[in-house]
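Paired with chain B in one complex and with chain C in the other, chain A is shared by the two complexes that follow.
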Partner chain A sequence: MNRLQHKFFIAFLVVPSFLILFAVVFYPFVYNVVISFSNMNLRHIKDWSIIGPQQYIKVFTEPTQPNFYVVFLKTIIWTVVNLTFHVVIGVFLALLLNQREVKGKPLFRTLLILPWAIPQYIVALTWRGMFNYEYGSINLIITKYLNLPAVEWLKSPTEAFIACILTNVWLGFPFMMVIALGALQSIPHELYEAADIDGASWWHKLKNITLPLIRPVMIPAITLGTVWTFNNLNIVWLVSNAGEPSDQTHILVSFVYKAAFNLYRYGYAAALSMVIFVILLGFSLVFMKKTKATEAAY
Partner chain B sequence: MALNSNSKRVFRLAATYIVLIIFCVIAVYPILQVVTISLRPSDRLLSTSLEIIPENATFDNYVKLFTDQPFLLWLWNSILVSGVVTVTGVVLAAMTGYAFSRFHFIGKKFGLLSLLTTQMFPATMLLLPLYIMLIKLGLINTYFGVIIIYSATALPFTIWTMKGYYDTIPTSLEEAARIDGCNQFQAFYKIILPLAAPALVITALFSFMTAWAEYLVAAQILQDSKLWTLPLGLKSFESNMSTEWGLYGASSIIVTIPVVILFLALSKYLVSGLTLGSVKG
Partner chain C sequence: MRQSLLSFICFAVLLASLFGGCRREPDLNRIVIWHQMRVDERVILEDQMKQFMAANPGISVEAIYKETEELRSGFIVAAIAGQGPDLVYGPSDQVGPFEVMEIIEPLESFFEQEYLDKFIPKGLTYYNGHLYQIADKLGNHLTLVYNKNLLTTPPQTDEELIETGKKLTISKGGKIVQYGLCWNYTEPFFFIPFMTGFGGWVMTDDGVPTLDSQGTIDGLKFIQDLRDKYKIIPGEADYNIADALFKDGKSAMIINGDWSWAGYKKAGINIGVAPLPKIVSTGLWCAPMISPKGFSLNTNVPKGKRPLVISLLKFLMQPELQLQTAKQLNTMPTRVEAVNSHFVQNDDILRNSALQIERGRPMPVVPELRAIWDAMRPSYQAVLGGSKTPEQAARDMQALALRKIKELNE
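Up next is the complex of A and B:
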């Protein structure tokens, strides 16, 4: 075999992708680092200059309403609550669907995947309509069938935040369900038969066979899900209509988007982006090291 | 004893069905909401009724989309952009994933890790630098700009998916093909590529979805309304002084149908394509 030919073949496979990624991802990333050390904003859009780490200092100290720490805390709550529901609902439904006796699996699976198939901006605007105080179906159901008072979903900070979370839980469980289903299907049935012979209970089989065996698949999915949820701009931005009421409903990414594209504070937004990136990178490294998730991948 | 365990099983099965049906209703209900809105006659868009098929249901909104609105143009634009992005995405991910799965080369580990790292970039971080770059290159209001950006967006995830799937295909297949006289490239695309069909399907689906449902990037780059893709068109119903809920609902349904059909047709592959790669060994 010709070594040069072999090298050429590898380059042929890899180079086109990385050229595009370089142009669209890596180069803009470096550019963003530069902007984060500059004073670029609406007034200094062409004549910007490097001013050092001031934007980073602003990120942590500026008394914006709400300030960085409040938004950060909300982002953590947002991520943890969403992921918990995604994984618990997803694995639970996958376990139900994976029973041999259940008929009509393709139909159930199909209907349950639907939330994932709808474009996110349509999901967000639809749920926003459903949370409407007067005409939204959620309040109509609450008042007509449950005889409870209507809720001002979009007008108060806590309720608006809950509305965003409900929307995103609905949107996110199918992904985890699909992943868990795939993992469940790969577990050899003999394991359960052996456990049955030993008289193991349902709970023991779940704890000692099912969960440990789907873990290697779920851990990377959870890592990815965490990062995607932490970074999910669409839902929070569109359900709360850009952070309403009065910027109380923000997670970090929507806060950045507001700073960059509504307030034109480019330097500040770039610095805040970098802070978010470092937080996520740190989280992922620690999480994957602890769980040894990617070890098998090389 | 036998009867007891039997009735227990029946009870458990019944409970399973009930829970599954409840979750299906929750999953489908918001979509039915959009259907309802799209069928409402224009004089009763704000209604406090919970009926799925509204009183005096009408297809007026659908008709209006095609007669009064440039909906066909947006549809065509979206098909064009999504089509090119899908083809580009599949070709690139299939090739690069293969290299990462089969060969050792300098920078392989670094390449894989940097792909993973890009997933941690905040959604908005690259938007501003890209926007400035595209202005400098004169690519604002061109499809070239959006197509390149969309192709790259899904790429890190799809390369990983492809790599994971190739890893499950034994290398002995290529060795056999080589002995039979195939060269490296032929062994790849004649033998391995067809076997990787489930992962290719996932890659195509993800690439397509990236382009079909993307709003933020398109809004910055495609400012000329002749170039608008569907999400931009839909948003324009919402951003006027009063939201055109009827048109919005009708177009949402039309936008969603192809994606739903794709998902349903491919849902069998979704399960194997996404997870097989990570359950090996």
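Up next is the complex of A and C:
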């Protein structure tokens, strides 16, 4: 095969995927960047024009209700709390399931993956029903078995936000569990045997063998999980019924959705989504670099 | 480096031009409808489409369901890009934004005036002097639905409503097991009848919000009293909860729309439908918003195809078909002939529905309505959540509505 043929062969392999990427990633992305500098909205949807960075200025300065910075802070809390629980519960359950002594592992595994297998829409609406003040099962448990006063889950902003987080924690831990389980199963057993010979305790084995060896798998999973959680519109939107009460349960992505599709503010929403993109890009780059995620473990 | 960048740009431009040429050629024998009909309505539509296809060999009609919001945003995106369905079906308030965006076509030129006269006026939605939507169903309106096994005569006034509600709210062991009344507290659409009953309305004819009014304040206070003073409605209820309470026989009355009646019958509830009560202190009936649901024509439909699309529209609007739907779903037809039919005139539910439509107020079709809903929702919920007074809520609704309308029109 001469050089030219070789180049054609490479192009032949690359072009189909490039075409798809161009259609679904590059083109929409560039279009979004352009729109974010435009005045596209209800009154200027066909005759929009470039107006400079005004939409970005609006994102940071407009006295929206709720305010951009408040929503941003809530998004960070939402992401950090969710991810912490996802990883801790996921790794904990994976460690349990990885024990040789545990019987009926396939059954437990199937049960624990269930939250992930149910469509998010169903999960969100079921949990919303469970959080009802009077008829929801959560308040029934709280009042009947714990003898505590019922919580107004969906009526007050903080409780409604906690309700969204609880739902998403339930929904998100199976992913981390599956990833952690996969990573755990790939750790050579000889390492533990050697540690046993050296008289290492359970904690030492966890700290010096298990955690470092599942890290290369968990870091990309956490990065992905962060991006997904940060951008998880479904749960917040459906559990809080589009930001209820009083638009105080928004995270950035539901805030964008509302701006774009409720009030037809396409330029503004595009600028806000670019801000979200930059935040997530910055986070991913810094996180991957700091955790040295791309370096080999062995 | 520069060379590879240049070749990348050339490649991207080439690809972009390729994509530009990918626009699908319109199929002149295939009509596509996007709608937001619920399941039982869809079954009837599919059946009517089959009848049309049988009468017009070689023509295919396809109906695609989308949830109301998705339908709107999807249609806007598709139509702006020169694509989209031939007909778009939904409540009349979508006409406003679609007209402003110039994505639906004025319809008056396709029909003889004689034909349009066969519709009741509320069935034809005009905006800025043009006909943009022809409805097959009228209403989308709230009424008082009651369980006939629990009460025989529905209340006529707010005082009767409170009295009946008290009698029908039953406690056992300190816990309420049956409420007199319930409805969805989260959507301001359900607040409109109370607002109008106390003399309020959402906006002036030219789209200026009028939310900071005594009507809004008194309406909110009335709801607060129903819950906190008379205790005849639940402490918290969204659509699903209210719906479930009524279906389970745990609420004697519910304020809900015409879309819900068939479901209640199916659930085995012996329902009666009554107009919403009169507020004695103002002498006004609680007036829900009335909106027709119908078809608009996508502006991208090629001129040569339009007669075919209009023929389908005319087919679907036949009084016989409207009557068939009315019989199965208790919906109010828009053709005069169907409205005057023996069935519509004598069916108990439809007679009361017609009375409610008569007492209702047409939903404004201006795009500003969207901002009004968005402005009302947080404060309405805050009043019901106990974190705002009705006075404060009315002021905040107005201020937020003005700002959102400004944002909408910027």
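Operating definition for what follows: the second predicted complex is superposed on the first by the 280 of 298 C-alpha atoms of A that agree within 3 Å, B and C clash if a C-alpha of one lies under 4 Å from a C-alpha of the other, contacts with A are read in each partner's own complex, and residues count from 1 in each chain.
In this section, a contact is a pair of C-beta atoms (placed from the backbone, for glycine too) under 8 Å apart; a residue touches a chain by one contact, two chains touch by 3 or more.
Note that the structure is predicted; figures quoted are calculated from it, not measured.
**Student:** Based on the shared chain A superposition, would you classify chain B and chain C as clashing or fitting together?
**Tutor:** clash
**Student:** What is the contact status of A:Ala23 with respect to chain B (first) and chain C (second): first, second, both, or neither?
**Tutor:** So A:Ala23 meets both chain B and chain C here.
**Student:** Let me test your reading of the model: by the given contact rule, A:Thr291 touches which partner, first (chain B), second (chain C), both or neither?
**Tutor:** neither
**Student:** Look at A:Gln65 in the shared chain and tell me whether it touches chain B only, chain C only, both, or neither; answer first, second, both or neither.
**Tutor:** Only chain C is touched by A:Gln65; chain B is not.
**Student:** Looking at chain A, does chain B or chain C touch a larger number of its residues?
**Tutor:** B
**Student:** Thinking of the overlay built on chain A, is A:Glu244 touched by chain B (first), by chain C (second), by both, or by neither?
**Tutor:** In the superposition, A:Glu244 contacts chain C only.
**Student:** Touching A:Asn32, do we find chain B (first), chain C (second), both, or neither?
**Tutor:** first
**Student:** Could you look at A:Leu280 and tell me whether it touches chain B, chain C, both or neither (first, second, both, neither)?
**Tutor:** first
**Student:** Contact-wise, after the overlay, does A:Gly129 reach chain B, chain C, both or neither (first, second, both, neither)?
**Tutor:** Both: A:Gly129 reaches chain B and chain C.
**Student:** Answer with first, second, both or neither: which of chain B and chain C does A:Asn262 touch in the superposed model?
**Tutor:** In the superposition, A:Asn262 contacts chain C only.
**Student:** Per the contact definition in the header, classify A:Asn98: touching chain B only (first), chain C only (second), both, or neither.
**Tutor:** In the superposition, A:Asn98 contacts neither chain B nor chain C.
**Student:** Which region of chain C runs into chain B, 44-52, 80-88 or 206-214, after the two models are superposed?
**Tutor:** Among 44-52, 80-88 or 206-214, the clash with chain B belongs to 80-88.
**Student:** Which parts of chain A are touched by chain B and by chain C alike?
**Tutor:** Residues 23, 26-27, 125, 129, 134-135, 260-261, which sit in both footprints.
**Student:** Can you name the residues of chain A that touch chain B in the complex?
**Tutor:** Touching chain B: residues 5-7, 9-10, 12-14, 16-18, 20-21, 23-29, 31-32, 35, 89, 93, 96-97, 99, 101-102, 106, 108-123, 125-127, 129-130, 134-135, 137, 140-141, 144, 170, 174, 178-179, 181-183, 185-186, 216-217, 220, 224, 227-228, 231-234, 252-253, 256-257, 260-261, 266, 269-270, 273-274, 276-277, 280-281, 284, 294, 296-298 of chain A.
**Student:** Any idea which chain B residues touch chain A in the complex?
**Tutor:** 9, 13, 16-17, 19-20, 23-24, 26-31, 33-34, 37, 46-48, 50, 92-93, 95-96, 98-100, 103, 105, 109, 111-112, 114-130, 132-133, 148-149, 151-153, 155-157, 159, 164, 184-185, 209, 212-213, 215-216, 231, 234-235, 238, 245, 248, 252, 255-256, 259-260, 262-264, 267, 270-272, 274-276, 278-281
**Student:** Taking the complex as given, what residues does chain A use to touch chain C?
**Tutor:** Result: residues 19, 22-23, 26-27, 39, 41-43, 45-46, 65, 125, 128-129, 132-135, 152, 154-156, 241, 244-248, 260-265, 268 of chain A touch chain C.
**Student:** Under the touch definition given earlier, write down the residues of chain C that touch chain A in their complex.
**Tutor:** Where chain C meets chain A, its residues are 12, 15-16, 19, 69, 72-73, 76, 80, 97, 100-102, 186, 234-236, 238, 240-241, 244, 367, 370-371, 374, 377-379, 381-382, 384-387, 400, 404, 407-410.
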